[in-house]
Structure formats: structure tokens, C-alpha cells
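What follows is a set of structures to go through.
The same chain A turns up in both complexes below, where it pairs with chain B and then with chain C.
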Partner chain A sequence: MNKARTNPFNNIAMHGALILYTLIALFPVFVILINSFKTRKAIFREPLALPDADTFSMIGYQTVLKQGDFFLYFQNSLIVTVASLFFVLLFGAMAAFALAEYRFKGNTLMGLYLALGIMIPIRIGTVAILEMMVASGLVNTLWALILVYTAQGLPLAVFILCEFMRQVSDDLKNAARVDGLSEYAIFFQLVLPLVRPAMATVAVFNMIPIWNDLWFPLILAPAEEVKTLTLGSQVFIGQFVTDWNAVLSALSMAILPVLVLYVIFSRQLIRGLTSGAVK
Partner chain B sequence: MTALTLTNVNKSFGDVHVLKDINIEVEDGEFVVFVGPSGCGKSTLLRVIAGLEDATSGEVRIGNELVNTTPPSKRGIAMVFQSYALYPHLNVRKNMSLALKQEKQSKAVIEERVMKASRMLNLEDYLERYPSELSGGQRQRVAIGRAIVREPKLFLFDEPLSNLDAALRMNTRLEIANLHDTLAASMIYVTHDQTEAMTLADKIVVLRDGRVEQIGSPMELYNNPVNQFVAGFLGSPAMNFMPAAFIAEGDTRTLGVRPEDLRLDADGDLSAAVQHVEQLGGDTNVIAQMKGTQITARLFGQHAISQGETVKFGFSSERAFYFNQDGLRT
Partner chain C sequence: MQRARIRWHIPVFLAPAVLVYTTIMIFPLFNTLRLALYSKVDQERIYVGLDNFRTLFFDPFWSEQFWNALGNNFWFFIVHMLVQNPIGVALAAILSHPRLRFAALYRSAIFIPTILSFVIVGFAWKLILSPIWGIAPSMLDFVGLKSLFAPWLGKEEYALTTLALISVWQFVGIPMMLIYAALLSIPDEILEAGEVDGITGLSAFWKIKLPLILPSIGIISILTFVGNFNAFDLVYAAQGALAGPDFSTDILGTFMYRTFFGFQLQLGDPHMGSAIASGMFAIILIGVCIYLFGIQTRMRRYQM
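Take a look at the complex of A and B:
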């Protein structure tokens, strides 16, 4: 252990800063949660008070569950998010492996081309995308969203995974080749497990924007049976009246699955598997 | 029969010509060491033999079979890497058995070979451990075990000891020598350490800048180097080089004398100022300066020589080597 890390003052300062940051970051979530359990009056009178016997109310949750197909929206969001993440990770990792591992003409150019997507927001192409989706008959299907989100997530995924895959030792891959593993086996059985932390990073980066997106669901899939959660919750926000109980309840419930996914991925983030592999 | 034949092998990476016209033969059961300074292409040559790189031109034959286009796993070779390259997510047993599973060997065969190899390498107690739970020496043994279970025709070692500390290196070196005796397999071993080369090899291949400088048994190379590079590379401390004009007026060649061939001699031709004395107990190394050239003498036994003193060294003329301006022996 080095001295700086065990110095009690440093320790306190570090923890203090982290706790402060945690409080600030969690505050809005906390406010949403407590208010989702209060009556409308109580929300406006004392937004920061905890719900007590008088102000406690489940009216928001009841509205949400009654109104529209909340579970369907939920399911749609989950399908879109999970499927998009799956494709981003699969194709991103494959492209990254090819770029990192094989020497071929135009390798660098290809890498730059793929990285270009990081800088150009996909929303610029909304009209073109809509035209394409109309032409291919994908409007109002979940596939439309999955395809768009996959395209949106790929550039960063390729970029990050490529860096990590370059760090997987050449000797290790060569040992596998001598042992008779095919290139596919090397990719799936050796390299993917080793870059799991990077995969988790990419997943977390992509998950939140996809889950929260309103833009593409509104444009590409506004039909009732393919509405996502974010779009579905919009019915409670009117131009003149907003059903705050319902909005807050919907938001609270929307946090849950993201939280679960995040916990799954972040466990991978922490686990370092590579130690002891080489040297 | 020959285990390996390389004929006019060349390898370029783009414009960089790394291996130049390599011709080497390895006999069955022979222990061949490739030795040379860092960056001379030893690893590249080994990778060409293994099939991890394609030769740009030339023929690679393993056991009389042309293997230029054969994938590594079908060449009947096994390789041990400098960085161990163990699969981090598999335990020792699975690390060793992976290649056999790929070959679709039966469970019984796999079990038997893994047990045999782990007994040979004292790894029986560690079979369920993961690489991260092993010491450096144990990891190296697992890497060697992974090669043994495949029962290859040809073993390839790429500087397997360079990550180990001195004591462990000596032990593992002995273990590899024993292994060679037990398995009676052909082995190619890459190192830049000339002690390893001298102690292990049946045959040494000295490489420089991608070219073979000389091939021969350790003592052949030691006693009969073809050029100044080989003479200076083998032997520790290294051979002394000085202008031959020091002892014969007008001679333009370079004179080479090994440190152990120098002896204290009041009538000697070489008089030098002592800079430093290393007392090793059994030997005494005297490092001295002579007309701007540093010479090292290795004297048997203990000698009371002090710094700054001027001493005279002599040597017998049949132990002297002469090299012309191109470094070739004359």
C-alpha cells in the first residue's frame, strides 16, 4: 500500500467528495420517488416532504396502470433496448476485432470511417431514415427503432472495443491458433471474455439514451402497439394540464429496469479477469 | 530423418526485410538454439516455423512435409511463449486440455496425457487453479505442460525463461534439459542469453540482422567462430578485441583473445593499467585499460592485484583469433 492512499485526511476528503456527488446525483431521483407516492396537492404544497398518512396516495400508479397499455409500453422499451444493445455489442465487437487483429488494405481508413459516426449525430438524418423506413415498410415496427439505435451505437462501440482488443496479448491469440482454435472460437471464447469490462462500458453508455429516447419512437413508431415507455408516458403531459401523479409514477417505474440492467453490467465492469494471463 | 528443414526462407513486413535467406536443418531429437541480439528476427523466424506468419518466399518442411500453407495446429508443433500466454479464464487442467479437445481426442486420452504431463512438471496439486493464482515459475510450467500434452514432433520455445528470476531460471533450464532427454523430441529454443544457448544446445544457430551467421555445436562455435560477431557473442565475459598492431607493428587486422586465455606474464606482450578487479573467489576478473582499449582477463584462483597497478598479460599464439576489416576470420 502506498502512503498517499492510506493517509486518513486524503481518505476523508475523497469519501466526502464522493458522498457529496452521490447526494447531488441522487437528489432528483429521490424527489421523483417520494412525490410519486403523494397526492397532487401535497406535491405542490411541499415538494420536498416525505409522504405521511395524510398525503400518501397511490393515485398516480393507479392511473398509470389503468391508462393505456403500460405493460405493453414497458415490454416494447425493454425489447428495443435489449435487442439494440445485443446488436451493438455483437457487430461492434466483430468489427473491432477485424480492425484490431487483421492487417488488410484500408484498415486505418475503415477505422476512421467507422469512428466518424461518433461526431455526426444520427438525428441529422431523421428525414432520410424515415423515408427509408417507409420504403421498406418498417414504420411502426420495433425493428425500425432497433435498427436505428444499433446504427447509432455502433461507432462508439467499435472505437472503444477496438482499443481494448488491441491490448489483448498477441501471444494469447497465437497460442490459441497453435492449439487449433478457429478465428471464430478465438473471438468468442478468448477475446470476448477478456474484453467483458469494455463491453459492459459500451452497454451502459448506450442503454440510457436508448431507453430514454423520445425522438425516434415519436417519428418512426408512434402506433399504440409499438409505443415505448417514454412515448407512452407523454399522454400524461398535456399542453394545459399535466397529470403529475401519473408522470412521476411512470418515471419511477421506468427507472427500475434500467437499474437492474445497470447492476448486471456494472458487476462486469468491476471484475478484472485478465490478471495473471500474461507475465 | 530431419525434423525441420528451412530452405531460402525470406520474410518481409512491407519494405522491412526481416529474414534473409535462412537455411537451417534440424535433425530428429536435436535441441537447437537460435541466439542473437534483440531485434535480429529470432521470434519472427520461430513464428514462420509455427505458421503464425507466412514466409514471403522459401520452403518450410516439418518432417519432410512441405507446410508453407498448413495452419499452425496441423503442423505437429507446440509453442511456448515468452509471456506464458495462458488462457486466463480457464483453470490449469482446461488450459492443458484445450488443444486435445480441439483435436477431438477421447476423454480418457485427454485425462491420461494431462496427468502424465502434470506429473512430469509437478503440477498435480494445481490442476484446478486459475493462472492468476499461480507463481511465475508455475505459470511457465503450465505453459510447457500445455505444449507437452499435444505430443508434438517439434517443440518451439520463445525465450521461455526471460520473465523468471535468476534462481528459477537455472532450475527451469535444467527442467527443460531433462524434458528433452525424457521426451526425445526435437526442440527449437530462442534466446538472447548466450549462457542458455551454450548449456542447452546440441546445435546453435547464431543470427544477426535476419541472417544466419554460423551454425554448429556450442564448442565448435566457441573454438572456431567464423567471424568477429560470433566470437564476441559467445562466451562470458566476452572476447577481447584489440588492434593486432599492439603486438605486431603494421598489422591492420583485429586480434581477439578470450579472457580466460590471458595469463599474468612478466614477459607478456600486453601491458595494461588495472581499472577494476572482481574477486569471485574461484576466479578473478581483471579489467584493465590498454592504449584506450579495455581488456578483461579471467584468472584462475585468487590474485592480489590492486587498482591502478600496471600488469603484463601474455597468451599462447594458438589461442589468438585474427579478423580482417570485414570482421571475417583470417
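Take a look at the complex of A and C:
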């Protein structure tokens, strides 16, 4: 690919195609965001115009904040996501360490057993999960969601972390053993810090599906006080279908936290996706 | 460690993950398959063998809904394979061009829809395509195609395809990223050797790069398959549990939800729900097996 071969026409065509697709990708988000700050009249008269002094209005946001308990929903989503990630990472790393570090009978079998869940979606078992949660009284608690998401995230986490833990040098661990460190200390003080980049990748992979899930909150925790942001906005929008200001504002409020997270973690996410961690 | 003592730390390390995974995922999975063999008669759970499946496949009321949902689900999948994956590959091919500027910027922007929830995506597109708001018709008017506009989500013949395309819009980022990674991992020597033989540009893509990224395309296909056959959220968010108009957007996920949870006047039936879930499990299992034994083993992996 030397200079002579990249002709300017090709270059323009490539940028043209990418710009066109970028516009397609961003247009709906953009339209929702700008219209959430406009008066009802302006939303309908000039849907593509930016809000200006005349058309600017926060009425939608006022309705949302008055009618919907969005801070509670947000808090619930945050608790569920953070707690699930914590357990996925802790339990996943422990299991991955056992599989990567020690030779024992059934090691390969255990690895295969844990890997089953990568391809089989946990939703298939929903009927029995609900029954179990009802029987144990966990239904309509955040714990139900945390447990389900932990189970859902573990297979891929073990798989990815295992690959990385195999690369940690044996000499290092053996030196620590000679120094009298216990296996637990080796794991927590030596190996965990070394696989931190892989843990971040796993966390970012799991974060988005957990935050965005509608199925399990709908089935396991539909009560008002445990609604997640995704379910909360779904229900809210369903009730306020005709109040366009409120719907657009609710959508924007659901978009913003994810967008902020994405801006913070996008490099991590894209590095994880492109590093071949999932191959 | 040479002495035959039990190394307690191994079970301690494994236990939490295995326990949670087994009780919350594997056990309910098999329990659901088992529940499909029962039925509730007079408040009692009784074993009925394969009766539920007989009802599902042959009872006119149920079988019509089941085949409708299954057929719709296959169409949903086909649209993804025909639209999402080619666009993803094309975008990745352009992005991986070595002298392209702003590649990272394009990449991050195109990935944004993928991080949004189905609820946001479903409602946002519903508003944009809504004839009341008029964004879609006025944009079509702008390019002189206003006559093409129809309330796509409200028409039986277009609604499913429209939803599938919305889902494609949302998920194009994933094939794009995975293919992009695969393209970057092709060593320069191979491409240079091709150049010496006069294979450049598009023909280099078709003759050299595409064969090398086939394994990644295989992985994307199976991910798409699994994702599509347990899809639910987008249809539910955009069209509701009834998957309207007139069940034309009903897929297995929404069908299972309605059956299992009940809607309007129909009571929920966990046993029929389990039967549908077992059907989904079988379909996904068949898909994964076809991939693992039929496709993956035959695909040549090039040493790179």
C-alpha cells in the first residue's frame, strides 16, 4: 500500500461511505436528544431544527422527574450492574485461576461444563428460574437479578480470564511459593493485579447487556421499588405515549448514562473486541 | 504437593462459580425441559409426557401461532445475515485500510447504537417512522421519494422486515468490530506477496482477505443465530407483547413470554411456556451443532 496506489478518488469514496453510515447510525439518537429540549409545537413543526431561544423547553424533563422515579430506577440499575460485575469478576477469576493453574482430575471436563453457557442463552430456563425465585422469596428483589446476571456472565468470563491467566509466568508464582505465600495470597496479590486488563475487558463486555436487559427485570423484578432504568423507562413511555415531550425526555435520560459510560470505556471496549479475546 | 493430600484450595477457588452457575443456569435449564412434560390440572401438577408438544405442534390454535413465530424468527435471522453481516464486513474492510484517517472516530460512532437498550432503540425508531411526527416522510420527500412512505411498523406485510432492519441498524457494530480485528491480524507479507503478483484493491479483498476471515464470519453467523432465536426485547418494546399488527412480528421469544406470562384474558401457562422454551433450546442446539461440527471443522484455519 504505497503512496502511488492510494488514488484520491478511492479515498473520497471510502470517506463518503463511512460518513454516510455514521450519519445513519447517529441520526436517530441525535433527533431524540435535540427534540427532548423543545416545546411540543416545535417538535412537530421543525423536528430537525436545533432548539433555539423560542423553542427551548424543559417541560418534558419536568414531567419525567415529577411522574417517574427515575433516580430510583437509575440507582437500582447501578446496584444490579455493579454487584453483578463484582461477582462475575471475582468468581470468574477464581474459577479461571483454578482451571489455568492446577492440574487435577476433571479439569478439562470442568472447563467444558463452564463453557456450555457461552452458547446457550440463560433465558431458555426462565420458567424454572422464576419458579425458584418465587420459592426462595427472592422475586421482586435486586438479588434475583444479580444472581441471574452473575450466572449469565460467568461462562465467558471464565473462558477469557483462563486464557490470560495461562500467560502469567510460572517462575513468578513459584518464586512466591518458595517465599511461603499461600495459594490464596498468590491469587489475590500476584495474579489478580496482573490480569487487570483482561478483567476490564470482561467487565465492559458484561456491563452493556446487564444494564440494557429488559427480559429479566420484567419477569423477576417488576415491582415499582426494584425497577431498573430500562424497565422503568419502558413502562413510563408506555403510559405517556401521547405526551411527546415526556417520551423524548425519558428516552434521552435513558440514553445519557449509557453514552457517558461509553465515552469513558469505549477504548477498553473496542480494544477488548478487537484484541481477539472472544475468538 | 507430591504427598497425596487434598489440595483444598482448588475446590475453594472453583466452588462459588460452579455453584452459582449450576443453580441459576444449568439446573433451571433442565428443570424447564422437565416442566414441559407436566401440566396443571385442577391445581395439581401432573405428568403428561409429550402432550404439551403434541398440542404445540398439532393443535390448530397453538400450532398456527408456533409456526408463525418460528417462520417470522427465520425471516428475522435471514434479514440479519443478508444485511447486517455484509454491511459489517464492508465497513470493516474500509476501516482497515491502512492509510485511512479518522478510523477510530468512525469506529466509535458507528458502534454507538449497539450500546443502547432495545427500549430506547425501539421507541426512537417508532417515533421516527411514525406518520404523526413525519420525520421519515419529510426526509423521503427531500430525496423525492415521498410516495414510498408507508407506516411500516403498522403494516402487516412490512412490520417484521422493518423491525429486523432496526435490529440490524443496532447491531452492525458487532460484526464490524470482529471482522475489523480479523482483517488487522492478516500479516502484511501475505498482502505484499499478492501485490507482487498484481492482486490489489478489490481483488485482493475477494481473493486474499475474504478467505482468511471466513472463520470470523462463521463465528458472527452463529452469534447472530443464537441472538436472533432468543430475541424478545426489541419486538416487545416496539410492538408490545401481542407483537402486532396481528402477530405479524411475533417471534419465539414474544410467543414464549405471552404463553408463559399470560396476556389480556389468557392465563399464563408455565408448562406450555416451558414447551416453547424447549423448542427454542432445540433450535439453538441444532444451530450450534451445525456450526461446531458442520462448518467450523471444515473451515481451514490458516496459520498466520
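Keep this in mind: the second predicted complex is superposed on the first by the 199 of 279 C-alpha atoms of A that agree within 3 Å, B and C clash if a C-alpha of one lies under 4 Å from a C-alpha of the other, contacts with A are read in each partner's own complex, and residues count from 1 in each chain.
In the analysis below, a residue touches a chain if its C-beta (ideal position, glycine included) is under 8 Å from a C-beta of that chain, and two chains touch if they have at least 3 such contacts.
Just so it is clear, the structure is predicted and the values come from calculations on it, not from any experiment.
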Exercise for review: Please tell me which partner, chain B or chain C, touches more residues of chain A.
Suggested key: C
Practice item. Check whether A:257 is in contact with chain B, with chain C, with both or with neither, and answer first, second, both or neither. Key: neither
Exercise for review: Once the structures are superposed on A, label A:122 by its partner contacts, choosing first (chain B), second (chain C), both or neither.
Suggested key: second
Review point. Regarding the shared-chain residue A:194, is it in contact with chain B (first), chain C (second), both, or neither?
Key: first
Check your understanding: Does chain B (first) or chain C (second) touch A:51, or do both, or does neither?
Key -> neither
Exercise for review: Mind working out whether A:148 is in touch with chain B, chain C, both or neither, as first, second, both or neither?
Suggested key: second
Review point. Is A:174 touching the first partner chain B, the second partner chain C, both, or neither of them?
Key: first
Check your understanding: Which chain A residues come up in both lists, the one for chain B and the one for chain C?
Key -> 273-276, 278-279
Study note, to complete from the structure: In their shared complex, chain A is touched by residues of chain C numbered 7, 9-10, 12-14, 16-18, 20-21, 23-29, 31-32, 35, 87, 90-91, 94-95, 97-102, 104, 106-121, 123-125, 127-128, 133-135, 138, 169, 172, 174, 177-178, 180-181, 184-185, 191, 200-201, 216, 219, 222, 226, 230, 232-233, 236-237, 253, 256, 260-261, 270, 273-274, 277, 280-281, 284-285, 288
Study note, to complete from the structure: Listed in rising order, chain B residues that touch chain A in their complex are 47, 50, 52, 71-74, 77-79, 81-89, 98-99, 102-103, 130-134, 139, 146, 150, 163
**Study point:** Residue ranges of chain A touching chain B (in the complex, touch as defined)
**Key:** 169, 171-172, 174-181, 190, 193-194, 273-279
Check your understanding: For chain A, which residues are in contact with chain C within the complex?
Key -> 1, 5-6, 10-11, 14-15, 17-18, 21-22, 24-26, 28-29, 31-32, 43-44, 47-48, 87, 90-92, 94-95, 97-99, 102, 104, 110, 114, 116-117, 119-132, 147-148, 150-152, 154-155, 158, 182-184, 187, 208, 211-215, 218-219, 230, 233-234, 237, 244, 247-248, 251, 254-255, 258-259, 261-262, 266, 269-270, 273-276, 278-279
